[in-house]
Amino acid sequence: MELKILNIGILTWLTFLPVLGMIIVLLLPKEQKSAIRWTSLFSTLVQVIFAFLLFAKFDRSLGGVNSAATMQFNELFNWINIKSSSWFGIIKIDYYLGVDGISMPMVFLTAIISCIAVISSWNIEKSIKGYFALLLLLDTGMMGVFVSLDFFLFYIFWEVMLLPMYFLIGVWGGPRREYAAIKFFLYTLLGSVLLLLAMLALYFSVSVIDPVTGTKIHTFNMIAMMNPANFDAGSLLAGASTYWRYVAYVAIFIGFAIKVPIFPFHTWLPDAHVEAPTAISVILAGVLLKMGTYGLMRVAFPIFPDAAMYFLYPLAFLGFVNIIYGAFCAMAQKDFKKLIAYSSVSHMGIVILGMAAMNTQGMVGAMLQMFNHGTITAMLFLIVGVIYDRAHTRGLDDFGGLMNKMPGYSGVMVIAFFAAIGLPGLSGFISEAFSFLGAFQTFRWLTIASAFGIVLTAGYMLWTLQRVFLGTLPEKWNGLTDINARELTMLVPLAIIVIALGVYPNLMLDVMNTSANTLVDFVKGSVGLAVGN
Amino acid sequence: MNTEIILQNLSLIAPELIVVATLCVVLLAHLVARKNTQLMMLLSVTGLLNALYLLTGNIHVTVSAFSGMLSIDPFATFFKIVIVLATIAVVLMSRFSDEINAEHTTIGEYYFLVLSMCVGMMFMVGSSNLIMMYLTLELAGLTSYVASGFTRKAKDSSEASLKYLLYGAFSSGVMLYGMSLIYGLTGTLDIAGINRVLMQGSANGWALIAASIFLIVGFGYKISAVPFHYWTPDVYEGAPVTITAFLSVASKAAGFAMMMRAFKVMFIDSSVTNLPAGTWALIHGVHVQQVIVVISVMTMTLGNLVALWQDNVKRLLAYSSIAQAGYMLLGLVVLSNDGFAAVMVYFVVYLFMNLGSFYVVMLISNKIKSEHIDSYRGLGKRTPLLSVALAIFLISLTGLPPTAGFIGKWMIFLSLINAKMVLIAVIGVINSVISLYYYVRVIRNMFLRDENEFSGTITFSLPQQILLLSLLVPTLYLGLFFNNLVAFAQYSVKMVGF
Amino acid sequence: MNLYEIIFYAFAVVTVGSACVVVFSKNIIYSAFALLFTFFGVAGLYVLLNADFLAVTQLLIYVGGILVLLLFGVMLTSNVVSINVKSGSLHILAAVIAVALLAGSLSGIIVMTDWFVTKSTGEITLQTTSKEIGTALISTHVLPFEIASVILLVAVVGAAMMARRERSKTNV
Amino acid sequence: MEITLTHFLLISAVLFSLGVFAVITRRNAIMVLMGIELILNSANINFLAFSRYGGMNIEGQMAAIFVIILAAAEAAVALAIVLNIYKRFNTVNVDEISILKD
Amino acid sequence: MTPHLIIALAVLLLPLVSFIFLIFFGKRLTKISGHIGTTFLGIDLLLAIYLFFAKLYDTAASWDFTFSWIDFHTTLNNIPLKLDIGIMVDNLTAAMLVVVTTVSALVHLFSLAYMKDDVRYSRYYSFLGLFTFSMLGIVLTNNYFMMYAFWELVGVSSYLLIGHWYEKKSAADAGKKAFIVNRVGDFGFLVGIMIVWMQFSTTTFSGIFGAIGGGKIPFGSDTWLTIAGLLIFCGAVGKSAQFPLHVWLPDAMEGPTPVSALIHAATMVAAGVYLVARTFPILTADALVIIAYTGAITAFIAATIAIVQNDIKKILAYSTISQLGYMVMGLGVGAFTSGVFHLVTHAAFKAGLFLGSGSVIYAMHNALHHVNDHHTDAQDVRSMGGLKKKMPITFWTMLMFTLAISGVPLTSGFLSKDEILAGTLSFAHFTGHSAIPFIGFFVAGLTAFYMFRMLILTFFGDHHDAHRAEHLHESPWVMTVPLIVFAVLSFFAWYSFNPIGAKDGWFYAKITTPHVVVPEHIAATPTEEFLEEVHHQHNLTMLISVGVAGFGILMAFVIYYWKKISADALEKALKSVHTFLYRKWYFDELYDATVVAGTIGLAKVLAWFDAKIIDGIVNGAGSITKITSVISGKFDTYVVDGLVNFTAYFAGLFGLIFRKIQTGKVQTYILFAVVGMMVFVVLFGM
């Protein structure tokens, strides 16, 4: 599967378009505010178009995951090639991009969310030039993570995304922004250095025949790492179910868990969300969190199937904890954003649970839940942003009766809220249902316990709904105006996606399905032990 | 050893001779044209560029010159190039440094000192005889003592020079005593010869260890490794920024080169053959490896932890450079050519990012007359270019991609993992996470915090910005395209006899 | 107890004794003069180690040069007429412990180690080494020799620069 | 009793220790320098002793020569620096010269 | 795609169309929107009726249209893993369709007047459409997955309709309560679905029944089959307001009265019963017993509470719960057809009752409005009375409904109720659970009593405020017509021409007990034997039921009409009992004290835990930092600065110690260096 534009692969386009935009933005004088805004918007819009193109051309029947042949839109160039000493062997790093059913939806999501983030940043005034430059850089980082198949490249993008995020929270954030920003930075870095070590260990354990020279060389190629045959005998991570393999898996897992975030590494999330400006919260919840789970699917599971199976139950248990714990914490919040932040923790727990099920429904459910949570939570944060822009408070108890005052706003809000609750006909329902259905087959009681989360979710969501939108309007908010066109333009597309996927989930499912099967079969197959509860 | 051999050998040290010649010329120029500071700068730069050119000619040479006193080999040449580059950068930096220009009456001596430091270091990296090591070390040392006290009117500068002097003289004295012991054990001062004698296994363990530790005292002081680092923060803070920058890069590099050569050549056990290619073992009973492991862990940890508390950016960078030395030492403990190569790569990137950050600090203190971290508030607004540059340098020092600093660390950890030293690697990465915090404190003050009232933008001249960019661009470029750098480093681990 | 030994012990006592005075005396002037005797004693030991040339060099440079410099230093940094030539000392205890440990282990090492010695010790005929040193300086050790010269140059310039009275009165 | 290598080494060891002691304890900078000179001398004694008992190999003596030269150079620079310090601080007591610290 | 499928789909989708149309254009259309919605439903009703007859005179057992919705391209237990959805029409469905559409249509009509000057008139109608759509979905689907989906949708639409007047906190609360309580039931339902999906990798009824019929039972254990059945029944418990989840229904009366008539009398609450009926084939004997008792207990509790309520709608609400309990009990004992039959009849007369009460409230409201009385509660029966003369149509229809619900002969209620009671007796005969029939009859008596109490208090006697009485008058035709229709529908003749034998009617002929697929040894009494026994018990049942009903009615008249016994006296005499019942057995208080308070409390605790402990452990924030401030005053500011990472906290501490070494005295440095050197020498020397 090839798709080139101006003889440059589409994935490269997708990844580096924002950088182009960034460069232009940097070249523009900082007085040209609207020019800067439009440039950013344009570059992200083109990105969205390309994403649609990709989505259309994507071959649903190819599995990907661990077979390079069925990866799509591949771009493989040699990037680093060092004729090194015999101890290191030839150091070869490839610029290797490609998508499969796991990454395709994420690419799509990233494009859309970034575009919407740009729109929602329209009213940023503080040093807007830097803001959009960083936003676009962040976009590239995220996109790169999802499309790169070379571990080194993956890691580079993974880290590239940190710094912009730090600044975006730290400079344009709320009162405690410094604290939130550094907390986010330290946490994620801590995770990623563990990732780095695991990556290096893998590098020296895996070697493949170099197509050029025909000699055996070490490689950062993830797909090669997934093939047990490529592990050199006697290397650190050789064999199956060895001590070091478990250690490496746990290291990688922590690296990703911090991003998800999985209890108890989640405490950065509420702070970051609350302090970050709306657009950044949207990106955080919409895309960044998915990187953790994506990483688990793309890296941790297929490369360490044995360890993955070995730690399946703990993983599921963490998922359960996330769901219930997040829900309870959300219930007690007074701050609108914090509430949604904790609801994210809860919803990502469902993803974890679905993944841990290690069967088709669970995996598909998890993937779909990743996408849906991305869209739904994005909507929720935008909704908070809309009201915050007007009222400059996020206290749940300061509001009430907005339903009458802002009908249009309330309409969108109702959709978002019920999607979050998991109402049939809206996207959230399908993914949650599948995650639970899948998980139930692997972990009976744990899933029953987790499924109780749907009741709690309904509880805090409706409570919020009531506190903010029902009841009578306090006098001080008589001045509030209804949602405006710009805000609608960013909310409506998401709403459409939410409804469309709710009614006809196949739109996404058939993209994910084959890969999900491949992944599950591969992980289970390469270990062969059946998982019970 | 007759005359023509000597002459022929002289051609091998042409670069050093050029620099020596230059420093004499500069001195004379200073006498005749005292006012014309520009001239002396240009003279020095020309000389150095010449030396650089000649060095590139020496890349493939591998000989032992002056009856084994000096080795001319890729390893030495690599470090000489680093040193000369650093010198050039520092000379140019000095041009923009207010505190240096304030001393215009003695500006000639200043360049003279910098150049003679350069010479000393260039000889250090090549010297393969203990007495040579001692002499060159002292040559570099004496000049640095004086140079760090260059701005004599400033109290702290004088104090820095005194502390540096006492500490340095003491350390080199101890080192010398260690050398004498080794001489007593082996009957020779030529490191290759020492190795030959040691290989016969006649050497007694404890004496040898004591001697090597005495040596380490000397080296450790030069590369400011814990627990021999104490002079570093004070001297770095007190000395003129340019000198600090020079010491933190060139002097460290020279020290490392000397140390690496000494340990590899003296203590390698060439009889062990069943090792992976490119790695080697040390003579049985010499615990140098463990010593260095301990030292490196202590160095990076202490450097980072204390740096957390610094409010003076210069001092903060001093501690950071201690920590950096710790990472580099990790490259030694793996006992492999690639470990060495990693150190060398690290030095190249370190050259750019560290000089860069000191340069920015200097420019800023020129304008705002302060190096306190709180005075950096709102710099992001006042001088975007510099702030962004400093941010990139610091991020690079932290070791985050896509900056060159990442590649340095990456190579180090690569060799550690390959040597299966996982625990040490973990300690290393945890340290780099800690280091993030204090580097980011500076960045935070520049961008996240505003001054109480905006005190206007700061502008810098075009040459200043060009120099900045010439340090900044490699820091970014090498982060993504390190192909040739690494290849060159791995070629350059070649030493005389290995 | 032949002459050689007598002489040795004499010098040894002189060296060590005066060194102790140097280190422990409260008065800098005393220390400085004691140092003179130390250098003499060391020179004597050199002779016993039949390094005649070095003995002479020692006397010339140390006594004639370095010691004088140090005395100058003393004079310039403390006015002798007053009794401000006393110099205190700090963290004695820690120093004593550390140094004792140092000395202990050193002597341990010295005694236990079998040093690199050609077994034909005893009577090596006393002969001058000046010639060998001379040739070495211009052949094998020519490079160190040159470097030493550079060092001296640097030292001269540096010292001059450091010590020079600045003519501009704009002191800090 | 035969005079052996050990005797010389012991003397040098004593000088070395005394030197170190002086360097650590004496407050006056010049005293510190004297201590350093002692250290250098002890090293020299070692060199010569080893050279003597190592069968008259000349290397030790060469080393000693260079050490002496260097000691001279060092002393010169040191004195200059000390004088400079005295100008700034009006004292040469090392422990009073500590504006640079954490 | 047969025409029938198309019609079925049309029936399903028309209300949805109405919903979408009105939600978008309702605002502009204002008042017309009501008529539009009603028209849609009218057409819907006609289609439904056509479908009904088409099905009834069709020989096929059911029309089943299944199509694959999601295909996972893999297998589970060697069965291709697919998610099939589809719609199925059998006689039961057809009947339900008519019921739902009829009630819905009439409620639409009724609302035209009742809601005419409501602020959110159009939204009200659009939500009615949404609700009807979801309800029809439940009825039409052929698989549990879809049913669960529509199940949730019904919950939401009811949430929206209950909270229609959300400015009132009570209304908002009621909506929330309804939704969450339902969710609790749905949670069980979901788990049940998980089990069947996991075991049979399909959720279609036919598929599951087929599998179990084929001898495959969940996890190969009888218990699990029972559990699965009961879990699915949980859904019914939630929706049909069975004990212990019945608490939401009374509160739901906060919604507009027509909504109560539609959702909380005729359709949504009946959905639970429908679910049980659908699941009937896989219910084991144990499951059925539990179901039966649940129904019985519910019926009893609700009835007792209904006696003492004064709010006309509350009374009806509790009577609804009680009747639902009846139906569930009926199904539980195995009287499948009777249960369903009662559902249908009850739908008619209970909807009628609510609309009637609606009409009364409407009248009262206007009257109160005229006399500017804003204190009197328009729904309190004690402030009514004597409405017979003022609003005759309402009265006569109401009377008809009351008779029906009390089970007086010649009414539809009589037919269905008797069958259920007969069923209970036969059940007792086979299983020995004689408590069930006992409760059954007792409740029948209570029902008659409290219904007539309500009727008497409302319509008989004189209105106790003459001034207000002048302003009372009959409601407009749009409101009375539905009443009349329902009243007509409450006659026996529609269901069976034999006034005392429902058996001879079409209903029993067409809607028969489905084939039970549960393995014999755990199955309930085989249908044939059971019905045989029912036949024997029939006459006895009739006598007793008529007796108790008559007695109940008599007592009502004695106490509230002739006032031979003073109600107040009774109340005083049985003070404690009265309060206990009046307070609805303290269920709400209990739940608030335990479940709700528990949850909120736990949430608070965990939130604190998260903020302090977790964050603390990972970050060393909070109290830990206080201790450290002793070490250095600076430290706190640093902590606030962001040095909160716990490791970094110790790091900071060590850093603090290390930097103390940096005294600035060079000789100290040298000392430390020497010490370090010696440490190495000794350490590595030994």
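Each chain carries a letter (A, B, C, D and E) given by its place in the written order, and its residues are counted from 1.
Simple rule for what comes next: a residue touches a chain if its C-beta (ideal position, glycine included) is under 8 Å from a C-beta of that chain, and two chains touch if they have at least 3 such contacts.
Here the structure is a predicted model, which means the values were calculated and not measured.
Shared contact partners of chain A and chain E, listed by label, are B. Of all chains shown, A has the CA centroid lying nearest to the centroid of every protein CA atom.
Summarising the inter-chain layout, the chain whose CA centre lies farthest from the centre of chain E is C. With chains reduced to the mean position of their C-alpha atoms, the one farthest from chain A is C. Taking each chain's centre as the mean of its C-alpha atoms, chain A lies 43 Å from chain B. Centre-to-centre separation between chain B and chain E, using Cα means, comes to 78 Å.
Mean C-alpha positions place chain C and chain D at a centre distance of 6 Å.
Centroids of chain D and chain E (each the mean of its C-alpha atoms) stand 97 Å apart. Residue positions of chain C with contacts to 2 or more other chains are 90-91, 94-95, 98-99, 102, 105-106, 115-116, 141, 144, 148, 151, 154-155, 158-159, 161-162.
The multi-chain contact residues of chain A, meaning those touching 2 or more other chains, are 178, 182, 186. Counting partners per residue, chain E has 641-642, 645, 648, 659, 662, 664-668, 670-671, 674-675, 681, 685 as the residues that reach two or more other chains.
Each chain pair that touches appears in this list: A-B, A-E, B-C, B-D, B-E, C-D, C-E, D-E. For chain D in complex with chain E, the residues that touch the partner chain are 20, 23-25, 27, 32, 94-95, 97-102. Per the touch definition, chain E reaches chain D in the complex via residues 659-660, 662-667, 670-671, 674. Looking at the complex, you find that chain E touches chain B at residues 641-643, 645, 647-648, 651-652, 654-656, 658-659, 661-662, 664, 666-670, 672-673, 675-677, 680-681, 684-685. Across the complex, chain B is touched by residues 80-88, 91, 127, 155-156, 159-160, 162-163, 166-167, 170-171, 177-178, 181-182, 185-186, 189-190, 193-194, 196-197, 200-201, 203-204, 236 of chain A.
For chain B in complex with chain C, the touching residues are 1-2, 6, 20, 27, 65-67, 69-70, 105-106, 109, 112-113, 116, 119, 123, 129, 131-132, 135-136, 138-139, 142-143, 145-146, 149, 152-155, 161, 181, 184-187, 197, 202, 204, 206-207, 210.
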